[in-house]
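Here it is, the structure, as structure tokens.
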Amino acid sequence: MSRASGRVTRHGSRVAGVRTPARVVFTGDFGDRYTGGVKEFAIEAKNLRGVIKALDALYPGLGEHLEKETTVAIDGEIHEVGYYQPVRPGCEIFFIPKIEGG
Amino acid sequence: MAKHHVTATVNGDVVEFLCETRQSLLDVLRDELNLTGTKEGCGTGDCGACSVTIDGRLMCSCLVLGVEAEGKAIQTIEGMAAGKDLHPLQRQFLEHAALQCGICTPGILIAARSLLERNPDPTEDEVRYWLAGNLCRCTGYHKIVDAVLDAAREMRRP
Amino acid sequence: MSEMRYEAPTTLAAAVALLAGANGRASVLAGGTDLLIRMRAGSVEPGLLIDIKGIPEMTSIVAENGGYRFGAAVPCMELLEHEAFAKAWPGVIDGVKLIGSIQVKGRATVGGNLCNASPAADSVPPLIAAGAVAGIVGPDGRRESPVENIVTGPGKTALARGEIVTSFLLPRRPPHAGDAYLRFTPRTEMDIAVVGVGVNLTLDDSGVCRQARVCLGAVAERALLVPEAAAALIGTRVDAAALKRLAAAASAACRPIDDKRGTKEFRIKVAGVMARRAAEMALARARRKN
Amino acid sequence: MSTRLKPEEKKLKVVGTRPLRPDGVPKVTGIARYGADYSAPGMLWGRILRSPHAHARIRSIDTSKAQALPGVKAVMTSADLPEQKFEYVGPERVAVNFWHMTRNIMAREKVFYEGHAVAAVAAISKSTAEEALRLIEVDYEVLPHVIDVEEAMRPDAPLLFEDMITRGIDPAPDRPSNISKRLEFKIGDLDAGFAAADEIVEASLKTAPVHQGYLEPQACLARFDPDGQAEVWASSQGHFVIRALTAKLLGMEMGNLRVHPAEIGGGFGGKNVPYVEPVALALSRKTGHPVKIVMSREEVFKACGPAPGSSMTVRIGVRKDGKIVAADGVFKFQAGAFPGSPVMNACMCAFAPYDIPNVRSVGYDVVCNRPKTAAYRAPGSPVSAYAVESVVDMAAARIGMDPLQFRLQNIARPGTPTVWGPKHTHEGFTETIQALMKHPGYRAPLGRNQGRGVASGYWFNNGGESSAAVHVNEDGTVVVATGSADLSGTRASLAMMAAETLGIDYDKVRPIVADTASIGYGHLAAGSRTTFATGIAVVEACKKVIDNLRARAAMIWDVSAEDVIWEDGCARPAGGSKGRFEPLSLKAIAAKRGVTGGPIVAEVSVNAGGVAPGFATELCDVEVDPETGQVKVLRFVAAQDVGRAIHPSYVEGQIQGGAAQGIGWALNEEYIYDEAGRLTNAGFLDYRVPVASDLPRIETVLVEVPNPNHPFGVKGVGEANIVPSLAAVSNAVSHAIGRRMTELPMSPPKILKALSSER
């Protein structure tokens, strides 16, 4: 696995860097529970592994919660959280509550 | 207390079994004779999944005692096909996708055959009211009714 | 759990002897479609089941001085398939046809429907409206009783210990007679009556109603014969005004309970509606019958 | 035959046709084996003792008399199951708390609902087991109970858990309550939105608790061997999930538990979780004998996860030109004895069909003395859709706009933000409305006391983990094995996709549902996910087989693999070798299996994403008898975006089944309790599911807007169809009687009472 660099800035401020960052958003009360209410980040990463590593660096243990408790919508397409999922520069990533069917 | 020794005909074959007084014919078929095609959905005669015919009369086998079967001729789903040839109703149910989970299907097939024996050319309403005693939760009955009507047509053809 | 014996007598005498010998610990098994459910729910635990389906008198349908006598253990489906009886008593057939499903009617009997003593039994109101008389046998021999006197309350009958209802006699039908039974249920089938009404009436040659009997089901502790409702029809041409009075009398007679199937107000209101509609059906049948 | 609106004609040979399902004959001949149809030598019968009280503390349980009854081999209580840690594990909405789950399988300190399992016996016969239950003496301290969701939320309501502090409220409340969680989703500025509205319509609505109504009661056969290995034969919607949960509840390693999937007699979400499996296994562990447990219908109604009752308020602000500018919904759901109602789904799906700039959904998950709720077909969404679609109907009427036109004008489209964040990306919503607008039924005239209602409904659908194995037999036939339980003909749809991909005849492919030791993990057959997610795994496995077949053909022709393509079921020479060889069929290559490398097998697993939501718009005509309040459903038309129908008959069947359940939910189905909190209608006589003579033909319109993320354009079809049904029926009744009905079920007494009230 190449060294996935995940540089994150809080409150979406732009960082002159190699790739335009993805807009990462937590919905529902996930943010309230684990990040003291912070819901939005700008993170540069090649794949979801990079995003999760960056967030875990900010809030230790958050990575585990993301993997266990959320589903991810990347540019609106719903996927199970997977390290391998590519992250397009400047895309929108929503970590949303996991849904179970009947 | 000693069990009853009962002799009856099931799907054309003479069978003997022992049963307690309170044991239903449904339990006898399933637990003593290993004919598990007849299903229990409610145990109170409200769902029809345990339908059989006794001496040609359509009944819920959960509301019949095993001991009452003495000398009777019982038809269950296992006897509906003539050997390897499916009954037209069985074939039409497959053609029409008139079953999904299939737990109600044995009871409905037995009931539908009993209808067509009495009324070879039923209207849709007559099919629906005759089958009102057979609950189905998957299909909404639409394809079941179509399958019965098609089987009736097929069976009327010479 | 006590052991339960099972006997299948082939004569009335044998059945009565078995019942008498069990000092109240025996139950009569006809169709079993109520009894088996109550046994399984533990509300009744008989020590002996007496299966009466082997007794010819109780399983036959015979014409008798212009009327019909059918056995208390005749399965409903057999009664429905008896064309002459169905032609004579369409209202009784209405009621019998609404008992449970085709499967249940393959076993259930009018005798069982009556003696189970549910106020909502479907065959009882039209039977009472028809003026049916029940034949009873017991340790002291035979007797007869109008059907309306058999049930005294939910699950209770006026039968003495050891007595069995053996048959029902329906009188000869005069010309221009018609009967009908309607019930209200949320579903089109497989329900217990929230309200039931049996109406039986006879017209004279000019179309005036000379005789009428109206019996309500599921609106009191037992099936309720309502003379006031019948009086609303007698002497009239069963016109709209008479039907209005009939409906009011039917509603007034109700003493229903609130239960999982209906509220008091609902039963009272719908009893009037069903009485009117049943009377209209009986009237139509009476006019057709010459 | 339903009408199918297909955008363009595809050259598919198998997908889209209506072949016979491979598992059909055993089901129409009675040979198919469901949960209750298994037995084993030396088998004992298990029976569960259940609480007669709605809420009570268990002081003691004396099993000595039961133990002593001849023929009884074991009696168990919750002491025979390990205690579990109190923690919420896994995803929020379906957060699993094993401390709660083990108590739902068998009560420990308290019983929380009538029917709650307290003890169980294993005996040599059913009647002995029944007798043994009567000899178990339980000393209960009966407590006050609460069932209605509004009553359960009151500060003075009896508490189920003395220490339950509502989650999701900041700062946390200082007093315990029955509210396990509050949640909120919001976008835009509600006040500004409502300020800009010309008309504001609001209604408070209630729905009663209902049951999935599957015809097959839960049943299983379990064997726990002295060496710690165990097997279970059970009907469930996911034998892998049953294995995982049951192993945890038994305190055993998953590797020691093998679960075989029996045929399943309906589930609709109610069989996503175990009930009898842990009890049967624990009894087998104690006795060393196989144990069979079959629930009665009464047990199913009293103890197996119903859908929640609810109390809801919805407010919608709309401009005269038809634009919805603001929407606010509060959804209070019964969770039953333990937290975890589908109120989050309800909040998310409530306004999802529409493009509304200012939206808020607030949900409350409230415990009460009822069986723990379980999923029921698009869990939560039909309930909130009933409230929202009723108020949308009122809004359309208020501004005098055609209800379908009003919905079309406000419909969500790709790019419309959802209240939970991401933007909609899939088409298919508008198409269902347009299909209904064009349907002759929408313009057909109505008579006296008749009314027409329409409604739309959204459901997420689901992807997730699935595995599939494809084995090629030497005669060219193929086995397709997956771990997806088949409730509705999915073996047929999976076989069709395999045949299409491999280019061989449908009846050359034999699909099976493999047990937990024979195939890779497969998630539940729920969330309308099987044909979508497991379908992807099957297609990918077939592609791997094709690459293998091409490589073998290359070997046979002694050319490079690049020069071999696969088309219409044959390897064909291409590139440099074009035209040099006759095509090699799958059968021909399979015959040379040994010499070209051995068995031809592929197993693929996926964690399927790119899920496209389900969407349906439905129409219902009813006639109301003004004198009795009885409702007769005259017509029902359901248009649903199904992506691409793989097997159209079974897609139609899903829509007809969902609509029928929705009609029952709207008209006659409800749990009815007495004052002691006991269920008075725990049977099919007084729990009124629709019978054949109650329903009209259910006309289906399959709208096919393919999902680009699936090889055959599949979207989940199983659940979206029930979402609009409750509201479609309610709107129809409301128009027929000229009064807004705000409570389900619309039983005749309620309609008669509404008729007697002024307009």
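Read from first to last, the chains carry the letters A, B, C and D; within each, the first residue is number 1.
Rule of thumb we're sticking to: a contact is a pair of C-beta atoms (placed from the backbone, for glycine too) under 8 Å apart; a residue touches a chain by one contact, two chains touch by 3 or more.
These numbers come from a predicted model, not from an experiment.
Highest inter-chain contact count (C-beta pairs) belongs to B-D. Rounded to whole angstrom units, the spacing between the C-alpha centres of chain A and chain D is 29.
Computed from the mean C-alpha positions, the centre of chain A lies at a distance of 57 Å from the centre of chain B. Centroids built from CA atoms put chain C at 72 Å from chain A.
Not a single residue in chain A touches at least two other chains. Touching two or more other chains at once are residues 188-190 of chain C. Those residues of chain D in touch with two or more other chains are numbered 127, 212, 268, 684-685, 690-691, 693-694. Judged by the touch criterion defined above, the protein chains form a pattern that is neither an open path, a ring nor a star, and not fully connected either. Here, these are the chain pairs in contact: A-D, B-C, B-D, C-D.
Contacts from chain C toward chain B in the complex involve residues 3-6, 8, 29, 31-33, 36-37, 39-40, 49, 51, 53, 75, 77, 100-104, 106-107, 188-190. Chain D contributes residues 18, 20-21, 24-25, 27-34, 36-37, 39, 126-127, 212-217, 263-268, 294, 296-297, 487-489, 647, 649-650, 652-654, 656-657, 659-661, 683-685, 689-695, 697-698 to its touches with chain B in the complex. Residue ranges on chain B touching chain C, taken from their complex, read 1, 4, 20-22, 24, 43-46, 48, 51, 54, 57-60, 62-65, 67-68, 70, 111, 114, 129-130, 132-134. Residues of chain D touching chain C in their complex: 127, 130-131, 134, 627-630, 667-668, 672, 680-681, 684-686, 688, 690-691, 693-694, 747-749, 752-753. Looking at the complex, you find that chain A touches chain D at residues 25, 27-30, 32, 68-71, 73, 75-80, 82, 85, 92, 94, 96-102.
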